[in-house]
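As written, the chain order gives the labels A, B, C and D, with residue 1 at the start of each chain.
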Amino acid sequence: MSSISKIINDPVYGYITINDPLIFDVFSHPYVQRLRRIHQMAFAELVYPGAVHSRLHHALGAYHLMGIALADLRNKGIEISRDEEQGAKLAILLHDIGHGPYSHALESILVENVSHEDLSIAIINNLNDQFNQKLSLALDIFTGKYHKHFLYQLISGQLDVDRMDYLSRDSFFTGVSEGVIGYDRILKMLTVKDGKLMAESKAIYSIEKFLVARRLMYWQVYLHKTVLSAERMLVSIMQRARELHALGVAISARSEPLDFFIKSRETNTIVGDKLELFCEMDDYDVMSAIKKWVNEKDIVLSTLCRMLVERRLLKVQFSPEKPTDFTIETLKQRVSGKLGISVEEARYLVFSGQAVNTTYNPMDERINILFKDGAVKDISQVDNALIHQTLASPVKKFYICFMALP
Amino acid sequence: MSSISKIINDPVYGYITINDPLIFDVFSHPYVQRLRRIHQMAFAELVYPGAVHSRLHHALGAYHLMGIALADLRNKGIEISRDEEQGAKLAILLHDIGHGPYSHALESILVENVSHEDLSIAIINNLNDQFNQKLSLALDIFTGKYHKHFLYQLISGQLDVDRMDYLSRDSFFTGVSEGVIGYDRILKMLTVKDGKLMAESKAIYSIEKFLVARRLMYWQVYLHKTVLSAERMLVSIMQRARELHALGVAISARSEPLDFFIKSRETNTIVGDKLELFCEMDDYDVMSAIKKWVNEKDIVLSTLCRMLVERRLLKVQFSPEKPTDFTIETLKQRVSGKLGISVEEARYLVFSGQAVNTTYNPMDERINILFKDGAVKDISQVDNALIHQTLASPVKKFYICFMALP
Amino acid sequence: MSSISKIINDPVYGYITINDPLIFDVFSHPYVQRLRRIHQMAFAELVYPGAVHSRLHHALGAYHLMGIALADLRNKGIEISRDEEQGAKLAILLHDIGHGPYSHALESILVENVSHEDLSIAIINNLNDQFNQKLSLALDIFTGKYHKHFLYQLISGQLDVDRMDYLSRDSFFTGVSEGVIGYDRILKMLTVKDGKLMAESKAIYSIEKFLVARRLMYWQVYLHKTVLSAERMLVSIMQRARELHALGVAISARSEPLDFFIKSRETNTIVGDKLELFCEMDDYDVMSAIKKWVNEKDIVLSTLCRMLVERRLLKVQFSPEKPTDFTIETLKQRVSGKLGISVEEARYLVFSGQAVNTTYNPMDERINILFKDGAVKDISQVDNALIHQTLASPVKKFYICFMALP
Amino acid sequence: MSSISKIINDPVYGYITINDPLIFDVFSHPYVQRLRRIHQMAFAELVYPGAVHSRLHHALGAYHLMGIALADLRNKGIEISRDEEQGAKLAILLHDIGHGPYSHALESILVENVSHEDLSIAIINNLNDQFNQKLSLALDIFTGKYHKHFLYQLISGQLDVDRMDYLSRDSFFTGVSEGVIGYDRILKMLTVKDGKLMAESKAIYSIEKFLVARRLMYWQVYLHKTVLSAERMLVSIMQRARELHALGVAISARSEPLDFFIKSRETNTIVGDKLELFCEMDDYDVMSAIKKWVNEKDIVLSTLCRMLVERRLLKVQFSPEKPTDFTIETLKQRVSGKLGISVEEARYLVFSGQAVNTTYNPMDERINILFKDGAVKDISQVDNALIHQTLASPVKKFYICFMALP
């Protein structure tokens, strides 16, 4: 068997090594390389200019942490075979393969009602065929079917390497040092009991900090007003383009695949050719369309596109209460008058929404703490818990997004 | 007036500048330079080998943050005169001048019942005389008498630059990256309203993280079993030496000032010559005595000293309940039998205690959050507060410290 | 006058502040914001996945260093007026405004024979009109006409803030820690004598390290084989597209401005409308065209485009000697046979070139060292100089770039 | 066999693991733990307040790098047995065990004419007996007798892990970021050919930077005027104490072992009891003596001690030429008159010396570069070498050290 050892410089972890030929071949596949051209944080770079790292970089980072986690678990006597190691590493490398352009911002918009997880499964299935079923174990782990459930939990759980990497990486590239987490310490404290992933009690304070860092990153970075505004504008743009097409207006993105997804209203599932078409899209298709539409005749579309390209964004205001219909109607009328568009059309430039984040949801997937005496407790149940009941309920903030007029 | 600009390399902040001749003269005074020879974290280096930074370094760091805080406040229109700036900077530079050898570990032990704060006031008073009353304003700020109370709060309050520096510095030198706080962001968000220091509402998540980082550093670092053990052993050693002297046993530290404080039982207050003598002591006096006493005849003293020097420490066990008298008595008897000392004497090698830490105590000094509408709320009262009522009560852990026998 | 204070998170320097309304308005101009969409390091991200930072980020960073440099010089008594400060800051903010898509990689290719510096001057002139001649001083400083020559040297010289930022930033984002330079120390050591920028003798070792870091970054990063290959392929693609058009083949980039520059062969100078068109282009236009051309009929073009998109690059070999015509011809014939294209067309897939870098060229712009006794020496003339004569001559490496066939 | 896994937080490398019981036992031995109380950089902390790390910390760091180096070499197919790994790790852990108080500053002074290397060998021999000859292989590797010479070269050679750690660690703790080297990259590029350690040609630029970083650290940090002055004063103090004793003056250090070495003039070799006595000394013994001697009657001794304790140091001036006897004599006379001491005695307060450093000495131990074609060249012989002939000759700077009088 051919041997391989690729070493990749990563400013976050130092060096990342790929020394399995199958993993390297999967990594080199155009579907994966496409993730180079998708921003991990969509428009966060409009506020944090350093936040331009790619989804490929995140996938690599999570893969790296998976390697550390598996090695640490093995050192504790948890049995993990070479095949399982390969499977878990492939699964995490591919965990975000179903993301389209601008990731979460356009999720379920370009391909309506289809989550990126479902797309990931479809694409991994497709790759599994291309790679002669060598990704079957990875697929089982990814979908939670494999009997060693802790491998799934490392990919998708409260303490998964996905979150550990994106928090570490996003805080690094934004320069928000407060998002820094002790990923290395948490990894060293993970263990498996009765087939389930848990953390040793020494890790409690590190996990508290991890949850608080995540809470901070949500409200301070991911849901930053400017980021929220730009990403909502992006959605407005795509929806307006779609509507124009539905109304019979000749409209064209520069890119064929994007054109297809705007016009065909592919919903619920995509397979075969469509999947391949999906895998041709990235941020470049979307941003190129937006740059083209700056000169579109439709005022709504061209206005939104020009504003986004020139970074003159809709204004966002948060409020604990849902904004009244009256407030929204008034704002729409002003915009309608100013731009010479109908009040109905103004809904693309004036709208409200809700941002939600839960610091810790024990209903969802628990963080189990293993004590020295063998007892297992949920982190919200330990003595002097920081993570208390009230943090389990989601925090909701209403917002209104509107075009500011002089 | 002579001009000056001293630039000091600091691995934590980059460069620290002193460009005020008076501040530089105070910094160069032997009383301050003495802090070079006092570890900031006493025996934490027995667990975290990098934690050997000095109290002088911390004083310099806090001085640096004070400069940033004052500049940021001035930029927001808060009036701060040049004299007030100098006073506040001198006050923070001197805020720990009253610390003796091994700082907190021996506080109120070497000079019984006198806190390091009281000693600081006494020494600043003394320096004020030496510097022709040029430190009067600094003294007023330090003691809270100055009418601009926010200057005092920057030195001693929930959001003071003292805590910001020690958390940043201690996490840097220990390598516990989880103690990292966003000091620069918090400083930028500080403001003054009605003469009181408060934080803008944007800072809420950063402050939450600051409090959680402090909580983590307490339980993970400052109260680490090994650190606790070594510091309790240090106290045992000093108390045994004092007892031996009281019993008429000829015992001598290598150092004259330390000898004096062991033998004279100076209590409650120290002035004049005694203060000068106090200012001659540092970690070197204490550790040299301990190294000498390794060969002392008294078994209790020599055993403790040898164990500390060779890093073979008493064992520590935490428990939610106070250890029973029976447990302690049993352990004492074993040690007594093993070492050939009385059960009474065994109390130096077997004892219990209590570690206490409060994550946030609103009774003490509140963290006020200023909202955009002018409202002011305590941080535990804001919506979706992480810092809830239960964190306000101190967490107590009992421990037992004892000599482990084979 | 309106007051402003924008604080931008930068992972390299912490926080960058813009508090001058004119500078903020210029920063917000679409021409400048466009630099968000141009990679600082073109295709370096194919090797260093973190190297995706934008040219805007570099401009901001250099602006930040300029602020520090001017403040440090002022502290040394060098007179710099508020207007000069504003001018120098604007000049550095705009120093790379003339860069088109993929920066250096396509320089003088898209707009033949026009350097990015000339384009920068043209665009700053244009902006100066838009801003009512308020950028005149900035323009004079940028073009070296202003009498305080040291301001020009800070923008473009051996020790300019441009280089200091790009070395710092590129090493940060690539994770090549060896490129780290002591920019803060060098800045603190800069001074002005007889109107010229020079460095105090204490800075000699830091400057040596700066030159060696630059040397390392050149050969290890900027001229990395993979980077070189991708960037040469990009040039081949643009030249082939241009040739196809010249041959009468209907070819179209998705983007109108890019189409214009490919087809019109604008050379030597661009003004008016053309300049505006130029300012509409960024990396998105080029990469979108390449993605489109993957399906072009022309084999040369589609092959190159598909290879670049899928990161299957031409092979590069360095050699001290120029590759022989025979070697090149042989390779071309193999490619010609394999792809079914003419040998002549194979020149897009097989070609040679030369990479050149000079560690220190004293002919160009000297680094003057100011000694305490007032003497001034070139850094290559000081005692025990590391930077000796032989480093002054450019290092040339030949390379051959070719499509590898099984 | 008992299993063990100790994880130590290191701010430089993250985590350091010891999982070999023998290595842990050696690490826990009082002779090794003593290195906790010896500063790695002696008095550098008088300039760089963070430079207070211990020699134990350096030993741990070098041990960590050895582990990485051996693993990397094994991955390349170099055969290294488990015993050889243990031996090499023990050898590097103990490589500085022969250092006494204040390391290099007092080397060959306290124990005249005995280098720390010779003392290291003596102590490792002693430990080998205590550990039942289990350190024999470590000793053979350390002394260069073991046939796999590359293991010795990793401990003591141009590219040894000792230098890599101290450069990394010293630059970290001083905050002199310019001393940062790419240790991880260099380690990855090491290989063994014909039993000799060499570096792959890709590492050339990293090694150049390593040598330049070392050059910078020497002149900027290790030979910083203030550091040089403090360390020369320390030598003066010890020599004066020794002379006073020789003259029959009753003089006593607080510490018995230090007293012994001052008074007995142990030279050339130390064994048995003397070795044990040596291993009881650390910085605390020396600094305590100095603090005591502040009040000594002898003016020379008390003056030097008070100056050092209060950080009022002798002035240092560098010069390319040896200072003339006339200059020195004049300065001595002034000091003699001022302090009321003889001109002869003034030699402790006025003296000259020479600082020497060689950037790269190919005579010493070559850095061999292995090219892809199998050729091996010395780094000073490669094309476009930065490390040229003139850097091979040592740089000498004369200095004069004297008490400044008003």
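Annotations
As a convention for this text, a residue touches a chain if its C-beta (ideal position, glycine included) is under 8 Å from a C-beta of that chain, and two chains touch if they have at least 3 such contacts.
Given the structure is predicted, the values throughout are model-derived calculations rather than measurements.
The set of chains touching chain A and also touching chain C is given as B, D. With chains reduced to the mean position of their C-alpha atoms, the one farthest from chain C is B.
A count of C-beta contacts for the chain pairs C-D and B-D puts B-D on top. Centre-to-centre, using mean CA coordinates, chain A is 50 Å away from chain D. Per-chain CA centroids place chain C at a distance of 43 Å from chain D.
Chain B and chain D have Cα centroids separated by 32 Å. Under the contact definition stated at the top, the residues of chain C that touch 2 or more other chains are 14, 176.
Here chain A touches chain B in the complex through residues 176-178, 180-182, 185, 205-206, 208-209, 212-213, 215-216, 219-220, 320, 359, 383-384, 386, 388, 390-391, 395, going by the rule given at the top. Residue ranges of chain D in contact with chain A, taken from their complex: 5, 7, 14-15, 75, 184, 188. Within the complex, the chain B residues that touch chain D are 8-12, 14, 28, 30, 33, 36-37, 45-50, 52-54, 56-57, 60, 172-176, 254-256, 280, 284-285, 287-288, 291-292, 309-311.
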